[in-house]
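After the structure tokens below, expect a handful of questions from me.
Order as written gives the chain letters A, B, C and D; numbering starts at 1 within each chain.
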Amino acid sequence: MIKQMNEKELITIEHIEPIIPEDTDYNFYFGPAHSGSGNFGVKLRIDGEKVTSARADPGYLHRGFEKLMEYRVPMQNAVLSDRVCILEALNWNLVHAEAVDELTGVEVPQRARYIRVLMAELSRLQSHLIWYGVMSLALGFDTGFKMAFGYRDYILDIFELITGGRVYPAGYICPGGVRRDLPDGSEDKIKRVLDQTEEMMQKMKDFDNIVFSRRTKGVGILRTEDAIRLGATGPVLRACGVETDVRKDDPYEIYDELDFDIPVRREGDAYARCLIRGREMEESIKIIKQVLERLPEGKVREPAKITPPSRVKIPEGEVYVRNELARGEGCVYMRSVGEGEPYRVKLRGPDFLHMIPVLEHLLKGSQIADIPAIYWSLNICPADMDR
Amino acid sequence: MVVTSGTALGAVIGTIGLAAFGLFCGLLYKGFDRKISAHMQSRIGPPIIQPFLDVSKFMIKDSVQPERALTWLYNAAPIVSLASVITVLLYLPFGGLTFTPILSGYGDLILVVYLLILPALAMVAGGFASSSPFATVGAQRKMVTMMSYEFPLAVVAIAIAWKLNQLYPGESVFGLAFIYSHPLWGHVGPAGIIGMLLLFFSIIVVTPGQLATVPFDIDEASPEIAEGLTAEYSGRNFALFYLADAAKMVAVGTLTVALFFPYDLSPLIGISGPVGSFIDFVFFLLKLFLVTMLTVTLIKTAVARLKISQVPTSFWGFTTAIALVGLILLVVPN
Amino acid sequence: MSMLKTIEVLFETLFSKPMTVKFPYEAIEIPEDYRGEHELDIDKCVGCGLCAEICPNRAVEMVELPEEHKEKYPKTYPRLDLRKCCFCGLCQDICPRKCLILTKNVFLATPDPSAVIKNPMPKGPQ
Amino acid sequence: MAESLYKENKVIEDISAKFKVAGKVQRERRVWVTVDKDNLIMLCNFVKGLGFEHLSAISVTDWPEEGTFELTYHLWSYSEKILLTIKTKLDRTEPIVNSVISIWGENAQIHERELHELFGVEFEGNEDLTPLFLEDWDGPPPFKKDFDWKEYVRQQCYDQANERERAYYD
């Protein structure tokens, strides 16, 4: 039978005073140890059912990438870069790879640039599917969660086929191009996956009325000037009427040769953010189809072989690269002094601004029951906030 | 309360047998519920016997108790909850008319309707006793749901009893055995049929409220207040709550079947005697299965959770209105 | 209203084939060059140490073989510490002789701690 | 690719007309401007007027040999569609600069809070410089180049008895 631990052996934990609500005004930790919040905590001050003040409590996923990257060569940093936010690993690979390419001035082969955009858009699709799954789970719609993650799995099968890993591409988009060529027969596999994703998007439209419109309309409204002042980017900003997308305004790779449009809405509430993400998935599918048609032949990486770390030299210089991630604008400032390792790397994740200023602003004055709707309509990912 | 089935000893054995079979049936239906809602979400889902494995697992785990909890109430709550559900089962015509309910009497429909509150009340008491902020918020929310779904349920009970009283004045209209043996569908005009359908619809909305399944599971809404009421429970205590929940699903299902589908198969096929009653019993289980799938599984898979502020309005406003219209349509035009 | 549409979608899915598979009995097959457990072909390895140099997590270390194999394999060979390794496959790409290959085996959970360190061993019976 | 960088050069002309700056157009849509610490705030105000509303990031690069912190403000203008980076140098021993909260609001406030914690840069005018990621961290600012983290970890939590740790450290 279970050995009864006697009093001595028990580790004595100093007595923690639980928060018993005296009257209606009390603290409420939508905190890290909580099934609805990811590893990130918000300290809320609540009066009755209304939130009077919110204070973000980050730092649970701080791994110090900016310091780690100062001790590794770009090829190793590429492997590191997809752990900045694994929900869109390939997008972060792309940001990092572009920064190094611009520093070294290498001419990335055309085929590699097309494969890079293909993989980045596939990663955006599966990131939006994760958002849809977790958002419907937060609103209590279990079917949406199970189906979204089920259909996302088909996209992960494509990643498994091409990059060799389901969630971790391990620096597939690396400085100089991509690490491996597309295995033959992968084009029609991708086309089949796109049809399956469209099937899921049709289901999302069917489920729309029950889940989203009732729980998110008029909830968490963000005005345009607040959005800019708080640093919102991506879908959160486009939901407040600002028509801006880094792929159009500051085009990189081959985005200027592709035609796609940017969904923009005026209301700025949680429902607008949901609609925009749904429309963005359609645009991503359009982009992928165009890329698949025009995929040129040729090499996939400029220096075909990986140069050993001892002989890698990045030319002196500094560069600031901006990319449109699924969550917003992700940037890398890289400074090099001519050695093999970058001298300073600054990663700017979209969620650094969405989870602290924007979330605190939106939660103030909202209802308790609306917290998950607001929280997940920002599509937060604590990893790229803490870095 | 007149004990109809002979000696007290018969009643005790009957109770134990009924309780065991009710729990077995409840866990089995929970297994079906998870399997079917899984297939509705295009996944395979756990085996049918998963609830049995869960309960046996909970039984083995040791039950940890929070330091500041009110110990006697904390441990009594699960026991009271399960016991009250079993007493409800005693009154219900479980398995068609073949087995007369062990305890039956004059006004047991009213008694059943209010006895069904006791498990929820015990859970609320347990939640407050465990002194965790999540459980406290969960308990407050559970009371709101309990208070709001009582009104439509009462309207449905009164409607049926009132109509029966009109048809058979002077009978014990609130006795479940009587209700079960006098189906209403045949004796009401078209308006009555619509009235009965409206009443059945409001029962469909009330059942998730009673069982705290999805649209109304705000008391243990995991994203907002992690696990709410039963946050501090584990091991045997949680197993008892789990069993009470399973048995309650059977009890509420049986009540719905008794009120709306009290037909027996054997007279139609003309077989009587032990084989007939066995067929009735299986037919009853089939009816119970269909009603549970409709009210619990389908709604759980198809609908999202409501906000705490929407629960009272959806019950007091929407459902009660439909129940009242059903009542008027049923009772007035005869 | 879209509640009926949802119920229709659910019943459609109820009678169609589920996406998931019963794992231990049937499994989704893993594609060709998946990055799983390492495999070292010690005869081709020249001990250049490039894999140890490129590893981002410093999981590869060049070690000598135990005494009885020393004369047949005098050089140093890569020893892999699977606790640190993130299976990125850089060592496989940089190896000039292509003798360190990542196989498709992903079932690496093991109770004994010694199996986590993959020491270079000559193939076949000693 | 170097079509007419007219807009970028115009930005530099507007700025250098008013301030003594060293400007450079790196490529299209990328303008780098270096300014000294004193008229940083005036330049930021002026530049905000030019349309650079979006503060993308603030970063600090540590130069221990020169004894300076190099502060870089990356600003994006939605209307002009140009990224302007303002660089300025601070003395390393007591790095004090006035905060840009008045210009870019909470966006700047949270960046400054992070840099204060990781580099120890003082931002005058930003009251809430409380710890952000590293709550109960009593060591020196960890991202500075001269912070020897190996030594710090060795003192703080090197436990002799643990055989694996000993193998790592010795």
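We adopt the following convention: contacts are C-beta pairs under 8 Å (C-beta built on N, C-alpha and C of every residue); 3 or more make two chains touch, one makes a residue touch a chain.
Everything numeric here is computed off the predicted structure, so don't read it as measured data.
Visitor: Based on mean C-alpha positions, I'd like to know which chain lies farthest from chain D.
Guide: B
Visitor: Between chain A and chain D, what is the separation of their C-alpha centroids in Å?
Guide: Their C-alpha centroids are separated by 24 Å.
Visitor: Using Cα averages as centroids, what's the distance between chain A and chain B in whole Å?
Guide: Computed value for the inter-centroid distance: 44 Å.
Visitor: Taking each chain's centre as the mean of its CA atoms, how far is chain B from chain D in angstrom?
Guide: 63
Visitor: Averaged over CA atoms, how far is the centre of chain B from the centre of chain C? Could you give it in whole Å?
Guide: Chain centroid spacing, chain B to chain C, equals 52 Å.
Visitor: Among the residues of chain A, which are close enough to touch at least two other chains?
Guide: Residues 143, 150, 210 of chain A touch two or more partner chains.
Visitor: Where in chain C do residues touch two or more of the other chains?
Guide: 3, 6, 10, 19-20
Visitor: Return all touching chain pairs.
Guide: Every pair of chains meeting the touch criterion: A-B, A-C, A-D, B-C.
Visitor: Of all residues in chain C, which touch chain A in the complex?
Guide: On the chain C side, the touching residues are 1-3, 5-6, 9-10, 19-20, 28, 30-35, 50, 53-56, 86-90, 93-94, 102.
Visitor: Using the touch rule from the top, collect the residues of chain A that touch chain D in their complex.
Guide: 58-59, 62, 64, 66-67, 228-231, 233, 242, 244, 249-250, 318-320, 322, 329, 331, 333, 335, 343-344, 346, 348, 352-353, 356-357, 361, 386
Visitor: Which of the residues in chain B end up touching chain A in this complex?
Guide: 37, 40-43, 62, 68, 131-133, 136, 214-215, 217-218, 221-224, 226-227, 300-309
Visitor: Provide the residue numbers of chain C that touch chain B in the complex, in ascending order.
Guide: 3, 6-7, 10-11, 13-14, 16-22
Visitor: Which of the residues in chain D come into contact with chain A in the complex?
Guide: 26, 29-30, 32, 53-57, 59, 61-62, 72, 74, 76, 78, 81, 83, 85, 104-107, 109-110, 114, 132-135, 142-143, 149
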